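Order of writing sets the labels: A, B, C, D, E and F. Residues in every chain begin at 1.
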Amino acid sequence: MKLFSIKPVYAHCDLPCGVYDPAQARIEAQSIKAIMDKFGGLDDHSKTRAIIIKEERAELVKHHLLVLWADYFKPEHLEKYPDLHDKFWHAIKQASECKHHVEPAEGQKLLDMIDEIAEIFWATKK
Amino acid sequence: MKLFSIKPVYAHCDLPCGVYDPAQARIEAQSIKAIMDKFGGLDDHSKTRAIIIKEERAELVKHHLLVLWADYFKPEHLEKYPDLHDKFWHAIKQASECKHHVEPAEGQKLLDMIDEIAEIFWATKK
Amino acid sequence: MKLFSIKPVYAHCDLPCGVYDPAQARIEAQSIKAIMDKFGGLDDHSKTRAIIIKEERAELVKHHLLVLWADYFKPEHLEKYPDLHDKFWHAIKQASECKHHVEPAEGQKLLDMIDEIAEIFWATKK
Amino acid sequence: MKLFSIKPVYAHCDLPCGVYDPAQARIEAQSIKAIMDKFGGLDDHSKTRAIIIKEERAELVKHHLLVLWADYFKPEHLEKYPDLHDKFWHAIKQASECKHHVEPAEGQKLLDMIDEIAEIFWATKK
Amino acid sequence: MKLFSIKPVYAHCDLPCGVYDPAQARIEAQSIKAIMDKFGGLDDHSKTRAIIIKEERAELVKHHLLVLWADYFKPEHLEKYPDLHDKFWHAIKQASECKHHVEPAEGQKLLDMIDEIAEIFWATKK
Amino acid sequence: MKLFSIKPVYAHCDLPCGVYDPAQARIEAQSIKAIMDKFGGLDDHSKTRAIIIKEERAELVKHHLLVLWADYFKPEHLEKYPDLHDKFWHAIKQASECKHHVEPAEGQKLLDMIDEIAEIFWATKK
């Protein structure tokens, strides 16, 4: 693990409309996965809280993915990555799925889907 | 510029209360800085929009810093970093300052303050 | 005036996940169009307010379209309407476009795109 | 199924302050009713989620009714419909009631109250 | 300075549904009035910010008044204060009015209307 | 019952940046305490609702305290009250604590911490 300063999370946006970073969706998805990991060991009060928080985080994942998909990606990206729509559609659906489930595998699946999108994103920034 | 996949933005949280990442505050602060960089060249309609968005982003920076300060950091961290309170107080005040200003230097100052906090954060995660 | 106008505003949802209605996106889009229609005649204070409200409404359109796209539509719909992803992508991008513009034609374009989606939606409910 | 179903979902606003449509409150109320219809058959995790969502939807109903009552309706409408205040007050209270209950009859009562308001609304638009 | 000033800020709620306090609406209305008082002396950037903040505060006033009106007040209060509906309707409409105006007199009118409601509220708590 | 109760609910702000009042945090904290007082006697449905509402109220307390701490208080106040940072940090942490607990003593502790801050606040306004 290194200093934050030599591992930029970010990239200064070179487009007219702003700064984008798949990390926003990913951090919320990590919360979801962490909640699922702990869910079994929680008492009833905490289980209710966990469901509330999981619900909110999943909503944030959906929002951050929407922003990436519709605000950042442009027709030229779509030409190069013709399954881009499908990747986002399934990732956003998986975020909804995480509202229904507490199995960590569902959270991991969401993280993997976001990572696939992040790879495409960073490839387009090169 | 490298692949996202070998530079983790994130760290799986080993604490009972969740996932924290200074990147959340930083990404919003980058938006603020980017808006300031472009502000001078915008038409009136876009200037109004830029102020609205800058206002929201600054509020998000404040929120994300609050979460780090009050939820993540514990008394043992404070002992090791006695100026932690001051660092957060000034960074949050700087986020408010960015609502009032359009000079990129104000946005940069906010980014620098968040980076200082991020360094402490990542040092405590080692 | 077209066929949408003889469709009921509501439909009791026969699916496990809830109630969907393209009217939610459409009503917000109408607001955007109405704001654009009036924009030229407004004083400075009202122009600023109009931009704030237009910004919020466009965000709501994007949110409501996301819900329809990712929560309501299923793979079987996509098979029947292979350009469904594109229709949503362009409609959501058009909602962003409406944040940048005050020409009523941009609002009308958004309304037309939502109507096309609504027609597909109601066809799948028959 | 009643007369509301032959009313258009939308109406271009001819007033200076915007677009109003009782469908906004009604769609959220339908969600509440749909949640109540399914509540008995849900598992514990889904029951908690249902209560969270019902809570949010009821809040949205209250908000949309407030907008209609205070933004759309004018003194001349009140003269013609002297029980307008009471109708809104009871409908908003019924939305709160739906937060406390899971009996579908409570959701239906809310829908009926919104339909009564919608009838008055559309009568004033003729 | 009037009798409201010697009332406690808080009162432990003796009703099943919670804690209510007209101070919530009043504090937001004071912000609106303070913004109006300063508006004339602001530069363009700050004027835009002031309009954004005034818009939000007015929305909060409307929300807090809705809560008091529909959640706290009961039929027995209405019997004793038959113009209660009208008082709330006009106060909420005045909050909307404050979105359109920057004259401090409009903010003062809103404050006075909230104070009248607060007097009734505290009378019912005796 | 202490001196706070004879302080006015409101104070016209004499600073350039707005109106501040610890009552905003306190009213939300009272809700939390009231929910805790009733929690034991609630049925399952209401318990879930109580946890949702407690979660929201605690979040609002944190937000209102952040505003006071970072927007209202200035370096000169800090000189006079060197433990101001600590008082806020612990109060905000206590608001988080209230999300985890249903014992009224936790809510009372939060109220006491807010009252201490309120005393300092009002002392600086003299």
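Note that in this section a residue touches a chain if its C-beta (ideal position, glycine included) is under 8 Å from a C-beta of that chain, and two chains touch if they have at least 3 such contacts.
Note that this is a predicted model, so its numbers are computed, not measured.
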With residue numbers as the basis of comparison, which of the pairs A-B, E-F or B-C duplicates the interface of B-E in over half of its contact pairs? B-C
Determine how many degrees of rotation, between 0 and 180 and to the nearest 5, align the Cα atoms of chain E with the equivalent atoms in chain F. 180
Taking all residue numbers at the chain B/chain C interface, are over half used by both copies (same) or under half (different)? different
Calculate how many whole Å lie between the centre of chain C and the centre of chain D, each centre taken as the average of the chain's C-alpha atoms. 21
Which integer distance in Å separates the CA centroid of chain B from that of chain F? 25
Rounded to the nearest Å, the gap separating the Cα centres of chain C and chain F is 41
Centroid from C-alpha atoms only, then distance chain C to chain E, rounded to Å. What do you get? 34
For chain E, write out the residues touching at least two other chains, lowest number first. 48, 52
Pick one for the touching-chains graph, please: line, ring, star, complete, other. other
Pairs of chains found to touch, sorted by chain label: A-B, A-C, A-D, A-F, B-C, B-E, B-F, C-D, C-E, D-E, D-F, E-F
Contacting residues of chain B [partner chain E, same complex]: 47-48, 51-52, 55, 99-100, 102
As the complex stands, chain F meets chain E at residues 4-10, 12-13, 16, 18-19, 21, 23-24, 26-27, 30-31, 33-35, 38
Chain F-touching residues of chain A, taken from the complex the two chains share: 45-46, 48-49, 52
Chain C contacts chain A in the complex at 62-63, 66, 69-71, 85-86, 89, 92-93, 96
